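Look at the two complexes coming up: subunit A is in both, with subunit B in one and subunit C in the other.
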Partner chain A sequence: MKTQKTINLALQFSRFPGGRFNTDGEFNGEKFREKFLKPALDENKSIVVELDGTAGYGSSFLEEAFGGLVRELHMDPADLERRMTLVSNDKSLISEIWEYIKAAK
Partner chain B sequence: MPPKLSLYNDYESTVQFISNIRAIALGQRRRVWLDFDETTQIGPAAMLVLLAEIYRCRKIEANAARVTGSYPADKKLERDLQDAGFYKLLDVRNRLPDQNPSGQTEYIPFVTGTKTVGEVADGLQKALLGPTIHMRPDLSSKLYRGLTEAMTNVVQHAYPPDAPGPRRFKSRWWLVGHIDKQKQQLMVMLFDQGVGIPKTLPKNYNAELITAMLGSLGIITPRHAEFIQAAMALGRSKTKDEHRGRGLQDLRSFVDNAGTGSLTIFSSRGQFEYRAGGKESLTNHDKSLGGTLIEWTVPLAALENVSNGD
Partner chain C sequence: MVGWYIVSRDHDARARRSEIRELLKITRELLTKTEKDAFNYWTSAGKPDESRILAFDIKQNLNRLSHAANVLNRHSENFRVLDVMKQYRQAVTGGSFEGASRAALNRGDERLMDIAATAVEFDGRLELGFEAIYCSRGLRAIFRLTP
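Let's look at the complex of A and B:
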């Protein structure tokens, strides 16, 4: 297992994330979770997710991408807290994502 | 056509008029000619509903009779219609120069889609505000949040499988942006022709939860506006379906962060208005809008960075 991976959401996924499921739109939360977050967490001890640089985020995208790690993939919120670092100038965005993760049991 | 179309000042006659277009073009399959000679004003929300209806008749419903119309005598209205994309939709030429002589954009051409398209949400504010107004980053991201969530709501909920209408009609939304120069405010509107929040609410939440929420709001005999209010309140609540209920809550964040302005939702026969600061007002109408229209209105002065002064 590798040590750490950094994902810059705006550069590697899209500046325009939106929607929950693959049926909602091209750059949806389910897709980001399955194509980026899951492989990165499977293959690395820890990951860093850089969130700045997008036009914004809707709650559906965030909840499905990050809350879905727990609800759909049965990952442990405490383990995610140890292994995943979220980076943004908007601290409320980081709090919001951790709320989704903790609520998604 | 009536002298004025407005969802705010002449709701019933405006909705009746737009419904008539569909009834004649789609129901009776007779040609519709929109005579703008007497019309001097179309409000932005009414404009979007009208554009959507004409789009439906001309672009989606193969069996619809032709809908077309005249140029209005009122030059300001002609400018508004042209800028909003009305003549392009009718496949007739724009008579006025492309550039508004005032130099300020008042409408951007309507956009329509069937998915959550973030690029559209972002492009709208840039096209509308132009190079001179720079929206505060927090407001820009909140407007983006509201718009993309509103699109997602349309895709996921507005057109359930048992809803009437052709398949290629499903999930469709229409979006328009407007700068009201007189009131110095930004207006952004998203409309769908789905079944409406009063019908989708019971599908998204169980009956006990809705009843409890209506009770906590002091509502005994809910009508459509009260169902919209309950839907907004349920979006804030902690429920086992919490992860699916926050979309409506996202709609408020733009006006909340601006600290001024309003969010208005017309859905079926209901009208719900939320003002920054928390005041809510409800209106129930006789006629159904035939869908849901979400409108954000924020003063231009609140959008920009305030200089700290030095």
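Let's look at the complex of A and C:
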């Protein structure tokens, strides 16, 4: 298992993320979770997700991408807290994402 | 020398207050715009392209609003707006926002009331923050001048 991976959402996924599922749009939350977050967490001890640089996030995207790690993939919120670091100049965004992770069942 | 320092310091404080007032004005404009756009978005299923454009505008302006909220919060912890920013974004863009099967909401829908209530709360926090910093300083300044 590698040590750490950094994911820059805007550069590596899309500057225009939106929607929850494939039916909602190309750069949706489910896709980001399945194609970026899950493989990175499977292959690395820790990950860093850089959130700045997009045109903006909808809460539906954030909940599906990050809350879905717990709700759909049954990851442990405490383990995610240890292994995943969110980076953004927007503190409210980071707070919102962790709220989804802790609330998801 | 001391007099120059006091004049310079007071000038800087007034300039800073003006900057914050201007930022508050921009923040309020973004709040009003996103609230109006969100109401239009959620009450109409709309044509797919039109909906997509409006959704993009809403997210982009929420991004700007969030940036302003963070700047204000960094200026002073009296601007307690980060939590309400999160709640506002959730109200405006949560649920089936951008969902392919999203249907138009009725005007009395809970989501719309939530958006309106959170916008009011946000606006109130902005004003409270400004008053906490500048009005109290004003009172202190008056007290110092009293013999």
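Structural remarks
Here is the rule we use: the second predicted complex is superposed on the first by the 105 of 105 C-alpha atoms of A that agree within 3 Å, B and C clash if a C-alpha of one lies under 4 Å from a C-alpha of the other, contacts with A are read in each partner's own complex, and residues count from 1 in each chain.
Rule of thumb we're sticking to: a residue touches a chain if its C-beta (ideal position, glycine included) is under 8 Å from a C-beta of that chain, and two chains touch if they have at least 3 such contacts.
Being a predicted model, the structure only gives us computed values, none of them experimental.
Contacts of A:G19 after superposition on the shared chain: both subunit B and subunit C are touched.
By the touch criterion stated above, A:G58 is placed in contact with subunit B and with subunit C alike. In the superposition on chain A, A:R71 contacts subunit B only, with no contact to subunit C.
Of the two partner chains placed by superposition, only subunit C is touched by A:S95; subunit B is not.
Under the contact criterion defined above, the residues of subunit A that touch both subunit B in one complex and subunit C in the other are 16, 18-21, 23-25, 55-61, 63, 90.
On the side of subunit A, the complex with subunit B involves touching residues 14-21, 23-28, 55-61, 63-64, 67, 71, 90, 100, 103-104. Of all residues in subunit C, those touching subunit A in their complex are 52, 55-56, 58-63, 66-67, 69-70, 73, 82-83, 85-86, 89-90, 92-101.
Across the complex, subunit A meets subunit C through its residues 16, 18-21, 23-25, 54-61, 63, 89-93, 95-96, 99. Residues 115-119, 121-122, 138, 140-145, 148-149, 151-152, 155-156, 242-243, 246-247, 249-250 of subunit B touch subunit A in their complex.
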